[in-house]
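Some notes on the structure that comes next.
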């Protein structure tokens, strides 16, 4: 029996975009997904060129996502796209997702899920109502050893979690890059397109989600220091947060895009009663476990390693010592999503695909940090913000 | 204009094989190559299942490579495969390549090029006669920072090369794995299928080729210590070599598959008059440069880094700090090969694709090491072996 | 001319103590200091045994520090101790220092300077009045590359400092060790002997002092999260702090003694406009400099390296590649202090010996963190606390 | 009871020397040894100044080692030196040692033991005849984790040793430094003062001794490539060796002083049937153990670690995470030697002090490498050389 590929449409990702290419490589890597159509750019010419360079039939390069959803929905079931990958700037995540869901298409969205918490609540309701699948490409959660860490903590290997450090230093916005022709810098520092948070929304949510995913816990309270360091910048570019988690762990988080010379230095350390785990995104195939009175144990990624959990091993394509990286982590999310769309959820039993729950949590984190940093209160309760947002949502209906 | 994908056929890589999957992911990653047919296994059922799982039309799953070449050659020019990827055990590399060339198909072959030096000489002649392109997937030469090292040395940044250390420790054959159902172990320790060298041929040639590629020089003389450490093993599993290069550098090389606990630890250090470069395959995104009286400089992979050479940057898909790995290195070779087949050689101006020249050199290295280790002479001259092999070839004609 | 050794007395450091031995090794290493007397323990027998094992004349093993100061002051000038090393639990630092100063002896004190801020103000005044020298063994400030970092920042090599991360994870108090016969654990968790802070005072002050020393700046405001995680513990064992510095940098600090499995993991990262410096105490001979668009530069310790500043080179005893460590860093402080006592201040022109100014700053930091964590205010102003303490001091007189 | 310090004399180590200072710091560190006299330099003025700067009585600064031995032997037993530290260039090691032994003084000698194998045989006999103790400061054998590795292998933790890689790259002689006023470079490249080997004798013997010490085995055969790379150099500056050990392990060794930019990069990897150990001198507080199918285990130095062997723990002065280094490793040898002189051999039960056996072995290694490199034979038998040397020695008597 021929296993048909899952058919994907894409919104965003035209020439000049960065993340669209990454999504396409990730979707392509395992040969389970086929890109069949796209609304790559509002610029029709760019859209057409992008489609051509990707080998798409010209008639499936659409002028707008609305047009795409309508046209694709009208195609035969075994031809039309099955899910859409949303790779636009943040402000379009919600409208595109809502339109896709309305037409019955599953959604794989770049993060953050939405521009803010209220939107996330709206999206959550729409997903539930639609019966469609929704995935969020929190890339770093696709790394094998992040899943290993999650499983080890769930299995109690370091005991109750006590303290977390998570940092995400970058340096690419050290200077005032916006307005100089850098598209990335332009929209990411524009509140209208990026949302409430700058560095906070872009990478701070990677850090908070990593902490939540690995611990299987939620951040409940934050106390924050948020700044725009570069003169004239309209969104924060540097943030530090003290936080508390529901199950009692405390932590600190830093996300900065003005750490000159830093590349993409996301890392996390989680200390529990019995040991401490540490993982660095730039050396992603190692997970370090320190235990009292024992040699330091470094877990390596490797498809053949029986000491890894099933979720971690399934996220490896190669034997140990053959480094996999960022694209493979991304591809793991796509492969998981393809399995879901195909109706095979086995892969997810052990490693949940990031979805709207995590996305909403990230938006609540952003909102709480912004609120806390702007006011006098020491600790801001995230749960209260979420409850209020849900209540607002109900009122709006 | 739609850029059509280059059409690939494959020989080998049926269920149970390892490297076939890697080749397919590598070919797929950049969306420039499409797998259209295959003779994946001598076992027709395996071949059929493999083709189906890959979404191939059943009629393009062939019972043999001979049948495939005949049938594909008869297809319209815009349908038939354009090149074949050879991913079989070593003993089939030559016959498959010769058959492909005969039918006018370009060849992308897993390494080593052939079983031995005589075969390599034969293949070299056949390639030249065919006018077809031939590439050899010496994976590690696809890494951006390997290309950076090559360019830096060519530019004289460390001066004349004086000393090289290159090692390739693995541990997977520490115990007698062959005969226990492990296909890899079976054929790799079988002289009929693997060739003259065991560890020497499998990974020793990766080490020697890495040294030759980075320095742009050739190994001229070897003095070797070759052993089968595991009792009953029919090919070497552990080798160490002192070597000299044509331009005066001396070096030592170690390749071992009985270094229990080692994963895939290929690394190299090259010292010149003015500095020393070091690269480790398991941390492939770093290249270390030590110079007298200066801080240690660590070059990082990253598409945006202007301090990298063009060849290195072109081999990066992501900004720095987003790790790429083994599959991406492999994919770089496929992307380069697709460019060649397409007639666009720009990519190769700066980083030559490994081909038959390097492949022949590796076979000569293997033959010289085996000869040296078996006899009393201290240094064995590789050039003399090659000359003799070419002469034998001419005589045979 | 024979260069006489500087004569040292010691208070504390009897059998069973840890830090006394370290001080003695540090004082001994360079052959410039001679231990001539001590009041090593309130337990006379312990004191006597300690003195004997150190080869001291029995008559110079004193029952109390008071007795020692009186007796030594009565000895001929070329025989009596010249300075006292205070290596007792924290609560004795002030009384011993005051007594020493009163008798005209210079003081080299283990950190923290005192139990709290008020005491530090008292000590500061006493030092000023005495005309004696006072040094504080903030060990980590004796490392060559910490001094290098300080000098590089002072020279503007990374531009204005923007963000600091400093962490000090330890795991030795992960379990309730106090009361089990561990002397260290007993006094360090006892408010009467340790002071206001537990982990905060013991290692948090190392972290804050490191940040202040390297930047040449002062922490002005703190926002803190302070806890005793282990049930029944009487002092904090885990603290995280957001902070601001006088010249505009922001930072986060973590100090924890319940990070199970961690050893002595002090590290710091300082980002400025033009680059980021990073240093790890457990790999002390490396200082990492990241700059936009440049290879990562790792500075190595080494007496011969002209790329290091004078202060850094003077703190090296060996050529590069010959690791120096904790004891040598400690010894650098003693060697500097010996130079001061001898009247030769050259060594200090480039690297100031930690003294009461830094000690008072650390006590203010502790007091501010405790106050902030206990109350509702978001940011606590350290300067205000110091001003108040000085005013209290004046009132008391 | 006062524990008296062991009294040490020194030959060599005047102003301008490097290693003398290291020996003095090492001897001083633990407070168990006192320098009481010296013949620091043939230059009487230098000798006098050195003695003064060290606080020695002028009458115990001797013009020659011969004079020193005679004069000290005439002093009362509780005053005179008990052992001599020899820190001269290599050609004086034998005559000074013989003179010391003749006067009944124990000897602690810098390595190599002698200029060549014949001298080593002579010295071995003299030591045996004298009844005195003899230690050789093979510094690197004083590191805690080198001793740990030795113990682990002796305990069978990695099974029978199969393959060894040991390298010692340095760069300080990359350029022709001799003749430019650098004392070190002058004598180390002068056959008359350095002996048969340049890099081979200076650092190659560190590498071979490390391999022998850790495995508890002896190198039996060598096959070598020896060169002087820098034009005009009179001794080798670059060597690579294939070797075999008595118990069946094979290995490769590299020692080079022309690896431009390298500092002091000694490292070793030992693979056995069950695992692989790796240690790097520049990160001496870590010992890496790789085992099939297990996380990589990194052993850390630390006085409190019960997972370390007794010999390793005794070689630590500080708790884990407080780095010790080169001087401490050196000091461990001195502390061990002091224990021997004192008659307390407990420390040595678990970690033998390097002595003449290892020293003779190193000289045999040098001689075999030089012989092999100069001739046509593939493998040179070290045992045969030693036997011949002993026979020559007997004949001479």
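We call the chains A, B, C and D, going by the order they appear; numbering starts again at 1 in every chain.
Note that contacts are C-beta pairs under 8 Å (C-beta built on N, C-alpha and C of every residue); 3 or more make two chains touch, one makes a residue touch a chain.
Chain by chain, the UniProt names read as follows: A, B, C, D = Gfo/Idh/MocA family oxidoreductase.
Being a predicted model, the structure only gives us computed values, none of them experimental.
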Most distant chain from subunit D by Cα centroid: A
Distance between chain centroids, defined by C-alpha means - subunit A, subunit C (Å): 43
Cα-centroid distance, subunit A relative to subunit D, in whole angstrom: 56
Rounded Å distance between subunit C and subunit D, as computed from the means of their C-alpha atoms: 36
Where subunit D touches two or more other chains at once, by residue number: 262-263, 289, 294, 296, 300
Pairwise touch network: line, ring, star, complete, or other: complete
Touching residues on subunit D, where the partner in the complex is subunit A: 289, 293-300, 305-307
Contact footprint of subunit D on subunit C as seen in their complex: 1-5, 18, 21-22, 24-25, 28-31, 52-56, 58, 170, 172, 262-265, 281-285, 300, 302, 317-328
Partner subunit B, residues of subunit D touching it in the complex: 158-159, 162-163, 165, 167, 169, 171, 174, 223-225, 227, 229, 238, 240, 242, 244, 250-252, 254, 256, 258-263, 269, 271-276, 289-292, 294, 296, 376-378
